[in-house]
């Protein structure tokens, strides 16, 4: 289920299929997940969102596992159930062990706590931390 | 400035000084940052928060730089200016280059965008992603 | 289901029924939605919340469809599943097409992304944008 | 400063002055805070927001100090600097001691941490906690 | 269900059982809730999180009911369904009546509204509210 | 100020200048705002973010003013001060009057309030609103 429903491969336009094909090839899978099938009602946005995602999540100065961990951390902070489920699975595929998951959760929990303590105490930024750029 | 003001080392109780000493020794610095000086009005909470932070942020299955990146990602998602400033500096000290920073921001931005697209489209979780545990 | 349960029309006090009647008349429907039935345990709050909602969401300098789109955008940003479902339906009733929905989601996603990029880069407000009032 | 500027008492319409007078009488002060002066460009919204605030924050099943503490907790969780500053001051006026403030912050920090741990671990609601109503 | 599954008492290590025993003794119950069973894969974090929670939520300058109300307020603001369900039940056990619940919700709703009005109007902090510490 | 500093036109690479030129031409202005100058340290991301923004915010099924209003609504809900300032100015340039601004704020405040009331009351989605797609 989704607001506009899912566009399955068989019913997709050539434009949408080209994106689906690239998703499956890039991720080495035969399944397109619900997120992309929900976006496919707007083929331009589907293509743009996929290309951005592919480019941003690929290896660079940060390796793909670290990127997935960061993605999970953001999704947890935003309470996005779908994203937590999907990216926890993706992180595991890229090597996240249970030990890594547990440490990740600890850091996410701590940061969320300390973020609020700082706000609540109205703590002024230390001179040494002020952006100099 | 902070709600209750800062407790400086010279005016701190022995209990608070012991925490400050451990902070400086652990971080190899001669400065205690404003966050800890704001919490020091409640020495038990100061000690607990520091000990949790020290334990969680130290090396384990994840290395300390990755933990700092995750901390920054959460702080950005929560719009906590102080935390962003302090942990961007901490991440740099642990090896974050400009290239890593830029990629980190790209992932954080993307995840925030996609989190909302999922919510807005009311996308149902794929069977393959449902928690099995 | 809801924390205190729903108060159905048949069991409602005269005070609550008067609000329910106004909701149905204003919305040209024979159904009162779960939100109002959950609030009805506190008739004063029910009345206040409904009257505020009615006044704010009615036509003014902004037309009702635009108001619904803004409501959906906020609900998506807050990850409120109920609100997304209810106000997506309301927006459709007021004329939201699939094309409008897709563009709305694109803007909401973009704003959420750029909000975080700004925070993460600690971007100072341009002089030209500073509130002058 | 604010987007539309502040409407000072001397320049206010009779309608706005009536609200300002009620604010000052209710709060036993001779000052109207910036929040209300920013809203006063829309006298109907000013009146509605003030009357809602006055009604909600007055004594009832919860005493006014507890209500202020809850207000601060929400404002901290939303990272609203203005609101934290204003309602911390209001809570003090109603009897919040430093010890209460420190405990409040501890609870707010803890809840923010545990909220994320629950989301990150995708914890299913216990049967005993499911809404029965 | 949860990401790593639940660790039931019968299968738990001595270390985990010690925490479970303390949870049940402290809360005067024979059940350990899902949250703790999900965290138990990381016994050190389980112990730390429980001890922090126990210490923070116990009676002090604030009574335990007020602490639960604050916890609920934060959980509602973060849209954490599990936490709302669990802590609404906990608050009731500690004496929250329906009237208290309704007033709590009114304050939480109001604060969330006013937090955004302040941000949207870019309201500057009043001099009288600026942190002096 | 920003984390990495701003890249001014005179010091920018040809690649970055091309984006700056397109920004100024599209927006009919001679100034590039701080946001873009902060992103310019990563020319690929600068280009991608600008092209996405340009495409998404241009006229389509929704007119550019409505898109700006939605952008402001999201930024207010996320408490992003920079974004509120910049997009309030942009909305005004596109025709936002004070009356529209005041109504926009009213809707944003209301939605934020009602989102929390729904969550706090654990209101189940009405059958009529469930996604059918």
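Letters A, B, C, D, E and F mark the chains as written, and numbering starts fresh at 1 in each.
The rule is short, and it goes like this: a residue touches a chain if its C-beta (ideal position, glycine included) is under 8 Å from a C-beta of that chain, and two chains touch if they have at least 3 such contacts.
Everything numeric in this text was worked out from a predicted model, so none of it was measured.
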item	value
Separation of subunit F from subunit C in steps, with touching chains one step apart	1
Chain at maximum distance from subunit E, centres defined as averaged CA atoms	F
Self-contact between copies subunit A and subunit B, residue sets same or different by half	same
Inter-centroid spacing, subunit C versus subunit A (mean Cα positions, whole Å)	27
Cα-centroid distance, subunit B relative to subunit E, in whole angstrom	21
Distance from subunit F to subunit E - Cα centre to Cα centre, in angstrom	34
Residue list for subunit D, restricted to those that touch at least two other chains	1-4, 49, 52, 77-81, 85, 88, 102, 104-106, 108-110, 112-115, 117, 119-122, 124, 130-131
Category of the chain touch graph - line, ring, star, complete, other	complete
Partner subunit C, residues of subunit F touching it in the complex	1-4, 31, 33-35, 38-39, 49, 52-53, 56-57, 60-62, 66-67, 69-71, 73-75, 77-78, 80-83, 85-89, 97, 99-100, 102-104, 106-108, 110-115, 117-126, 128-131
Subunit E to subunit A touching residues, read off their complex	3-4, 41-42, 45, 49, 78-80, 131
Residues of subunit D that touch subunit A when the two form their complex	72, 76-77, 79, 81, 84-85, 88, 104-105, 108-110, 112-117, 119-122
Touch list for subunit C against partner subunit A, complex	79, 88, 98, 101-102, 105-106, 109, 122, 124
Complex contacts: residues of subunit A adjacent to subunit F	1-6, 44, 48, 52, 55, 130-133
